[in-house]
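Note that chain A is present in both complexes that follow, paired respectively with chain B and with chain C.
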Partner chain A sequence: MMHMLQSALALLFAAAVLYGMQHTRPLYSDITSPIVSSGGMNKRVEARAFALSLDSARVARVLNVETFGKSKTYTSSGVWGVVEGEAEAKFETLGLTSGEWLSRTGVRYVLTDRVPATIEMMPGDVYQPGLPRRVLLMFEVPEDAVAGGTVVVARTKLLPLDDEIRIATNVSGKDIEPAITIRRNEERPPWTVLPQR
Partner chain B sequence: MTELTRTTVRQRLYAFLIAGLGGLAASAISFSMTLYEAAHPPKAPVVQAGQQIDTGRWFVTLRTARVGTVPPTGVPPSRPVQLLMVDMDVVNRSATPNNVLHRVVTLSAPTQKLPMPTVYLDRDKYLAGYFNPNMPERLTMAWEWPAGVPVPDKVTITVTGQTYKLRDNLYGASGWYDRDPVATVDLPVEKAP
Partner chain C sequence: MDSSPAKVTSTRRGYWLSMMALVVALPAALAAQTWGSIKDWHSQHVRQPISVSLGQPIDYAGASWTVTRFTRLAGSAGSAVVLAEFEALAADPEALGSVPCEVRLSDGSGREWRPTQFADPVVRKQYPEAEQRSLCGGMAFAATEPGKPARMAASFSIPPAASGLTLSIALYSGLPSYLSVSEPRT
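This part shows the complex of A and B:
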């Protein structure tokens, strides 16, 4: 009798352990998640391979793009986020091809692909070690995803366990400008964000 | 302590037989159920144009269909083609941007398989890229209609559902997977002059 009780208890214990393990095992995306370095605005955040600082994050209802004498207006069902900063490679030349706006609720918005490539956004550039370079990121997000948003930058979306920099923006979602114009410049920096502030 | 009883060869044989036959029966039943389901796919409900369809990952509202030679960009292609264009509203309900709508909205073409459609964003009158989560957009999907095939007065659009799996069976990674059609919509084809 004692023996049977022992066996039953052992069986129950094993089942409980297995159940617990099944329900607490990490997600695949957690196991292969990038190595995150976090920071705030106007601070240089260092990852292993590159560094990034953001100094301006603005939000507007309408985005005007002026390139080569042509102007086009981009409307949205949400708002436009325009973020500027400076990026620098540390040891080798690299590209920064992945930029995302991570909302407070965990929804991701990638860099807009509506704006023509004549406006050089972050993925279009090459970053050399020791030569910091201005970066421009533009996102299209719903209005409720603005406040508490985080800019996430990585070399590529495809390399698991690579570097990733997350910078919490300071936008409140209240000071939304009616329109922002991005103008292509012929000299450095390659764009101007208007109206200047 | 109970005395351990030794099973006879006959008993063991029976146990093996029962377990084997049971397993065989289970696989036979499961296989024939799969065959039956594949042979009798569930009928997707017919939905009216203008009614929102929930596919799991998307909200899709089909509006109108028309045939023409000029895509929504306003620039006619260098080699004249007939385009079957379908206007619709979509909302991406997942947590990441996505642009694989051609697997969700398919045209039940009367004769042959059509090439992949081109998606135009109405806002820009230009090629659409990613559709961001929770941002409703109106778009036009344009299929190149094969030359020499008459365009029917009515087309049937099939809308396929997608389901979210937190852990897939291979890696344990999360993702969206195509499921059965959730709706079909009949759209009259307007013929532009």
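This part shows the complex of A and C:
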């Protein structure tokens, strides 16, 4: 009798453990999510394959782009975020094709595709080990996504368990400039953000 | 329920035999399941270098290869530029042209550079003929007449302090072997 009771209890215990495991199982997307390295502005944040530092994050209502002597104005129902910094590959030549603005509420905005390719944005460049390179990221986001926003950079969005760097910007949402101009340069750095601060 | 000593012994033996079989069967099943991945990983990561000197021809992947130049130049924007020129004399250039080719430069600390898409202005200025050459692969072999070598070049942008440089040329049909050339001492 005692033996049967023991067996029944063991069976119940096993069932409870299995039930618990089934309901606390992480999603596949959680298991394969990127390995995040975080930091703040003006700090070099190191991931395994690359390092990134951001030194400027500005927000404006209007974006002007000047290339080859021509100027074009980009308006938006939201605002423009212009972020600059420096990226460096650590062990092998790589590209940084994924850049996102992560709002405080968790909404992700990818890099804008409205700005012409004559302005070198981060995904268009190649990063060589030991040769830090200036990076430019531009986002078009709603005004309420600005305050407390985080810039998220990865080699690609598609690679599971790869590096991801998250840098919290110090943009408050109150200091929105009326307009920012990005001017293409023929020499390095390949662009200038105006008005200069 | 029969609980004679003989029956109990036989049950126990069966239990332990099953447990031991599990110890063998489980790793065997895992190995069988992942064999393809292990082979893929091996072919991608395990490589055997064939050391070559500058100017020395060597047979590799169905062609005779010669690295003709491996030189370091002062590049723009504080970087150094490494220019490598090499040629391959193939019996069947067309067949070789369909094989992917990988050229890399590595240093003593394990960093690895891929060739730059556009050569640095210094290459254009000092070695204009090298700039006309294709990167290793289909294009270079397609433009070659049989009996003449395919001439190729690769330039790299590296930090000036990088030392112990090694150039590697790998054709997928020649893997796991690849050609490895050390930077000549000046």
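Here are some notes:
Definition applied: the second predicted complex is superposed on the first by the 174 of 197 C-alpha atoms of A that agree within 3 Å, B and C clash if a C-alpha of one lies under 4 Å from a C-alpha of the other, contacts with A are read in each partner's own complex, and residues count from 1 in each chain.
Note that contacts are C-beta pairs under 8 Å (C-beta built on N, C-alpha and C of every residue); 3 or more make two chains touch, one makes a residue touch a chain.
Because the structure is a prediction, the values reported are computed rather than measured.
Partners chain B and chain C, once the complexes are superposed on chain A, both fit on it without clashing. With both structures placed on the common chain, the touch criterion links A:Ala8 to neither chain B nor chain C.
In the superposition on chain A, A:Arg188 makes contact with chain C only, while chain B stays out of contact range.
Shared-chain residue A:Gly130: touches chain C; no touch with chain B. Taking the C-alpha centre of chain A as the apex, the lines running to the C-alpha centres of chain B and chain C meet at 100 degrees, rounded to a multiple of 10. When the two structures are aligned on the shared chain, A:Phe91 is found in touch with chain C, with no touch to chain B. Look at A:Ala117: by the touch rule set out above, it reaches neither chain B nor chain C.
By the touch criterion stated above, A:Leu18 is placed in contact with neither chain B nor chain C. Looking at the shared chain after the overlay, A:Pro142 reaches chain B, while chain C stays out of its contact range. Touch counts on chain A: comparing chain C and chain B, the chain ahead is B. Within the superposed three-chain model, A:Tyr28 lies in touch with chain B and out of touch with chain C [touch as defined at top]. With the two structures overlaid on their shared chain A, chain B and chain C come no closer than 14 Å at the level of C-alpha atoms. Those residues of chain A lying in contact with chain B across their complex are 3, 25, 27-29, 74-78, 106-110, 112-114, 140-142, 145. Chain A contributes residues 90-93, 126, 128-131, 188 to its touches with chain C in the complex. Per the touch definition, chain C reaches chain A in the complex via residues 77, 79, 110-114, 116-117, 156-159, 161-162.
Note for the complex: chain B touches chain A at residues 1, 95-97, 121, 123-124, 126, 129-130, 132-137, 166-167, 171-174.
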